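Starting off with a structure, shown below.
Letters A, B, C and D name the chains as they come in the text, with residue numbers starting at 1 for each one.
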Amino acid sequence: MKDKLRVVVWGENVHERENEVVAALYPRGMHEVIADGLREREAMEVSTATLQEPEHGLSVERLERTDVLTWWGHAAHGAVSDEIVDRVQKRVLEGMGLLVLHSGHYSKIFKRLMGTTCSLTWREAGEKERVWVCNPGHPIAAGIDRYFEVEQSEMYGEPFAIPAPEEQVFLSWYEGGEVFRSGCCWRRGNGKIFYFSPGHETYPIYYDESVRTVIANAVRWAKPEGRWIDSCPQVPADQAAERISVKGPRLHQEGEEGFR
Amino acid sequence: MKDKLRVVVWGENVHERENEVVAALYPRGMHEVIADGLREREAMEVSTATLQEPEHGLSVERLERTDVLTWWGHAAHGAVSDEIVDRVQKRVLEGMGLLVLHSGHYSKIFKRLMGTTCSLTWREAGEKERVWVCNPGHPIAAGIDRYFEVEQSEMYGEPFAIPAPEEQVFLSWYEGGEVFRSGCCWRRGNGKIFYFSPGHETYPIYYDESVRTVIANAVRWAKPEGRWIDSCPQVPADQAAERISVKGPRLHQEGEEGFR
Amino acid sequence: MKDKLRVVVWGENVHERENEVVAALYPRGMHEVIADGLREREAMEVSTATLQEPEHGLSVERLERTDVLTWWGHAAHGAVSDEIVDRVQKRVLEGMGLLVLHSGHYSKIFKRLMGTTCSLTWREAGEKERVWVCNPGHPIAAGIDRYFEVEQSEMYGEPFAIPAPEEQVFLSWYEGGEVFRSGCCWRRGNGKIFYFSPGHETYPIYYDESVRTVIANAVRWAKPEGRWIDSCPQVPADQAAERISVKGPRLHQEGEEGFR
Amino acid sequence: MKDKLRVVVWGENVHERENEVVAALYPRGMHEVIADGLREREAMEVSTATLQEPEHGLSVERLERTDVLTWWGHAAHGAVSDEIVDRVQKRVLEGMGLLVLHSGHYSKIFKRLMGTTCSLTWREAGEKERVWVCNPGHPIAAGIDRYFEVEQSEMYGEPFAIPAPEEQVFLSWYEGGEVFRSGCCWRRGNGKIFYFSPGHETYPIYYDESVRTVIANAVRWAKPEGRWIDSCPQVPADQAAERISVKGPRLHQEGEEGFR
């Protein structure tokens, strides 16, 4: 493959500009802090993109050159254009990795790829979250001990309306008494998808070393391993692997594309 | 639950009216023949719905009273309203069963629930298809021997762009040399989903006894076992299971709904 | 099927006889209390079996007549005969349901069916466990609100060395700070398997109404839906679905059984 | 990690010595031919081991230094010592990759890791097998076109009694009319497992370039990505993450190991 993993950190970039608390924590935007965490950990080629840029910063060409995309959104999921969601989904199915962060559980792209509502329960009380490792040998948990703690966190609790995770990497415990599947893996097409729940914008969570380690691990885990651009091709009878002749009536002509 | 399973057989009902070959095979429409196959097998309450009806025959009230929905579409997937797709998806996630038949692999609702393109390869040559049972004890294969044959079938071949099936019930062999995952199960939310590939409209496949047996079995398998209408509720700090007090800054107010 | 579900509650029955605390809580054995919980909930045909009986109470004939088996063991996993484990595994693969309770995570039969070590972390401190529902529409969670609490429980914590659960029904929160996948579903062959962790013998957990509800729900969920007694048959060339003639050298003769 | 992947190709090495046909095709044993195919493809450190060696060539030390193990056996599954099976299973769960080849479907180690019977149907008629790619972007299918053919193959047909594959890479079509899940992926613990069915010993299948490509791809895919040696540790109450005091009666003492 290439020498350096090419990562795009996407940020909605709304609360950082409109809410004083968030602006004070993340004056350059959350996306820049997430990107810094990746840059300090490995020789990745990390850039950022935001909702406000043309095409939300995700042109066809840029996505084509992206190995892994991370996604943080919250207040403006509805403002993300369906065309860009189609485009990101297409790249994930082809093989691009996707990290969905915190309130991104309700983003169009995550709901699109999961097929479910992705709802959960929540509480914004600054309570402690303890993130437990379910598989100490999993590459996304590398460098994390049995658990790490987030001193102030938004509670995200079960039921979390997702398809069964293919790998459960983390589960969270909350001071207020809830639990949550906080680190989950799926594959869709050739793309690997990781959802990671810590990351509420009113707390300095993306400065946390353990959180940064997990995100960097997950980016490496999600790197493309192959690519397939699928279509829905007709295989004409005279090109069948076994010799056959056409029998019976037909709707379609040779070489036709079929209905979509 | 209720005494009789309430089944709605949905048909696109286009080729039956516009193509002579299909009209000759299915003068009352394919949906009526699929429905007949169910009615003759068990005391189900079976009705039909088509694209041309108001709300495509799938009003909120009707879906609310539906236990299992079967879906056949081909030429007019794009004509299905997104609002109806949202509505069907919601009911599946709540617990309604869904059977997706043949060219329905490219329907909006199937792609929505799978999160992938659902593409495949195909050939309309009237070749023989042999449908093999992968698990002779599976309820959807009840009454089927090691395999059954469809004398004339449209070839649907791999790669089939779907998430890994949770259960593989059938695999198909084709005269022209291909293979296909022709009977696949998934759960999304509380809904059970079964995809079954035989059913091209230019051949009399829905009159076939084995095909009818499979569809009736699958309808019984897909019946609701529970229901959950999810939301994304805030759990206020004073209602937490453990006593906590709010710490730190907040974006949301008590009782607020959150961003969507 | 049959009118009444036939359930066998298997108990190791060691601590109840050897430990004063356990004997005081469960004077007739834990298995009898678990069986009572089932009997009071539905018209099931419930009987018990213990380690000390001939063939551990699990003769071929009895297992043949069993729809669902529940398994509790702790101190004497090693005393369970491999022949009986083979027998139970065979019946599960054929279609018999299996509930594995608490310390049964380390039983031979559970490790056999999972293929992994099934290890976990633990602490016997009588702390509070709160069992959360991950899918309120799942039949195993019927009748349970958002969660239920076990006032005194043994802590079972992550990492839990299991294959990814096919359905996550419950997750537990512990007073001491841990979390655990406390209610997990798998299918192996045609058998449905449910692991449920609450049930330490020094606390009166199997008298708890919520625990009893879950176990009764799980028994109903795990009931057989079909049966397959598999073998590894040779299909002679002259019985192939397509006409073929034997080409090339062979190791085996027609009708032979093959190596095992 | 290390520079070179360390691969051990395990062969039963019975038919090569006892059957003239097999001896003529594989005079140095099948394991040496499989190993050659790996060596010619990449700078792996490839060695072989056989049933007849002390500890079947799989000492604790050697397995400790093995990244990926490939397994071919047929006539002598029963001669493999249970102690070695335990040892291989332990290493797979820790993270070692495992490729199970052809008749290895009935090996002790594969049945151990799957938890099912792993039975199938079969026919030794030298018929053509066409191996189809289910996901052209999967790393195990790299370099393979839509399909490849094995001119003479033993038929392995459905039903194949395995847990649902986590990824389906290949499906096979047979001249005699059957189909088979011929390339399947699972993870157990931290080990990746790939089953690949072509490879009957009376045909020169392991000299085939496509088969060699698949095996080399699969070895790379199965390389360890992390390691976990699990135990089942007690977490004493005074080391709990949250402050708790012991309540109620106990079976175990602080620091005790627990029952196994």
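Quick notes on this one:
Criterion: contacts are C-beta pairs under 8 Å (C-beta built on N, C-alpha and C of every residue); 3 or more make two chains touch, one makes a residue touch a chain.
The shown structure was predicted, so the numbers you read here are calculated from the model rather than taken from an experiment.
Shared residue numbers account for over half of those found at the interface formed by chain B and chain C, and the copies are therefore classed as meeting with the same residues. When each chain is reduced to the average of its Cα atoms, A sits farthest from chain C. Put simply, the C-alpha centre of chain C and that of chain D have 27 angstrom between them.
With centres defined as mean CA coordinates, chain D is found 31 Å away from chain A.
Looking at chain D, residues 130, 135-136, 157, 159, 164, 166-167, 173, 177-178, 187, 189, 228, 230, 241 sit in touch with two or more other chains.
Judged by the touch criterion defined above, the protein chains are all mutually in contact, each touching every other. Those residues of chain A that touch chain D in the complex are listed here as 94-95, 130, 135-139, 141-142, 147, 149, 166-167, 173, 187, 189-190, 221, 225-228, 230, 241. Taken in their complex, chain D has these residues touching chain B: 130, 132-136, 157-160, 164-168, 171-174, 177-181. Partner chain A is touched in their complex by these residues of chain B: 15, 19, 21-22, 74-78, 89, 93, 103, 106, 112-117, 119-127, 152, 155, 157, 159, 161, 163-164, 175-178, 186-189, 201-203, 228, 230-237, 240-242, 244-252, 258-260.
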